[in-house]
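Have a look at this one.
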Amino acid sequence: MQIARVVGTVVATQKHATFEGAKLLLVQPLTLDDRPRGTALLAVDALGAGVHERVLIVMEGRAAGEALGRKLAPVDAAVVGIIDAVDVIA
Amino acid sequence: MQIARVVGTVVATQKHATFEGAKLLLVQPLTLDDRPRGTALLAVDALGAGVHERVLIVMEGRAAGEALGRKLAPVDAAVVGIIDAVDVIA
Amino acid sequence: MQIARVVGTVVATQKHATFEGAKLLLVQPLTLDDRPRGTALLAVDALGAGVHERVLIVMEGRAAGEALGRKLAPVDAAVVGIIDAVDVIA
Amino acid sequence: MQIARVVGTVVATQKHATFEGAKLLLVQPLTLDDRPRGTALLAVDALGAGVHERVLIVMEGRAAGEALGRKLAPVDAAVVGIIDAVDVIA
Amino acid sequence: MQIARVVGTVVATQKHATFEGAKLLLVQPLTLDDRPRGTALLAVDALGAGVHERVLIVMEGRAAGEALGRKLAPVDAAVVGIIDAVDVIA
């Protein structure tokens, strides 16, 4: 899983039927010191994460479908947790 | 999922049987400010996306097969949405 | 899926039983203007692609197994089409 | 599988139900001479690995779910071994 | 699949139960002209490959589990062939 920040949303009126009602969040992967890392991507959200929140994302199709509770949804990334704290031990 | 733009098509007369009738689009992944990112790839399309449209692509085999409605199709990327708007919240 | 060119073959006498009789092609991924991109890899071939042909490859285990018609084969890439034309629309 | 070192933990009170009780470790992939390689990621732990230990991580959804003993958990990385020794043969 | 060379082994006394008895090889991916490419990784071996041998590795969970003959093993890479010759055709 990766640490990311919610940075926006995407509107797609025409989409695969199993996406209906699912929220699509634009999430930016972060380094451990909270800087952007790589490109933002889209993840389905089943937890109600808000913009600017730090979240835990899973990037794999089977796992993302399970997170959404729709096994057959054509998804490859999902928000699976809202992060309270990251503890790096020196 | 990733944001991409449809930039062309591919013709392949000899192909795996489960591809018959499926449209193969050449899609170019984009950054959030709409610039090309990495290499263009081929995605199956079940939504009727047109050239120059911004689309949502899923890049994973199981998910792409579901998007096409053919679980057993040997595919690894699919167009799953046509994007109306991307909202990046500062 | 990716565009690649067949650039060779690999001989492996000792191999996993489900590979018996399957052809292993060395394929080089290409950019849209036909230059090599990244490292060549090995893909199973169920279409009879020849050396120097441009092919469509799928890179994912489940999909590659389906392409070979052997669901349980331990493969992660397969040739799924022989490309006649790539049309990039400006 | 990859060699990594446990470098911390993550607290996420709101998370997908199948994560309940699972430990989330922050792991840093390593090179063969024990230097950090790429970005740290989160892996579920079913072995009780401690901070600073060198571990074996698997990075794939199906495999990570199996490691956790919860097939349906939306995870993409797991600790599957605690490393005693790495022998590189010159 | 990728071409790699066996460069060592890993000892992990505490590991996931389905790994018991499986050999874990440290393998270094190679370029076509036999130079190291990227980072070495760990692959399960069901063929009895020896150190310094050139092998064919599959990098995907489902495929690696099949190679090991243990569908439920949490693995993401496996040795599936021992390479006799690589023929690059100019």
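Note that the chains are named A, B, C, D and E in the order they appear, and that numbering of residues resets to 1 at the start of each chain.
As a working rule, contacts are C-beta pairs under 8 Å (C-beta built on N, C-alpha and C of every residue); 3 or more make two chains touch, one makes a residue touch a chain.
The structure displayed is predicted, hence computed values, not measured ones.
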**Report entry** Given subunit A and subunit E, the chains that contact each of them
**Finding:** D
Query raised in the report: Taking each chain's centre as the mean of its CA atoms, how far is subunit C from subunit E in angstrom?
Result: 20
Query raised in the report: If you average the CA atoms of subunit B and of subunit E, how far apart do the two points sit, in angstrom?
Result: 32
Query raised in the report: For subunit B, what residues touch not just one other chain but two or more?
Result: 60-62, 64
Query raised in the report: Line, ring, star, complete or other: which one describes how these chains touch?
Result: ring
Report task. State the ordered list of ring chains, commencing at subunit D and continuing via subunit E. Result -> D, E, C, B, A
Query - subunit D-touching residues of subunit E, taken from the complex the two chains share - result: 7-16, 18-19, 24, 26, 39-43, 51-52, 60-62, 64-65, 72-77
**Report entry** subunit B contact footprint on subunit C (complex, rising order)
**Finding:** 1-3, 31-32, 37, 46-47, 56, 58-64, 66-67, 78, 80-89
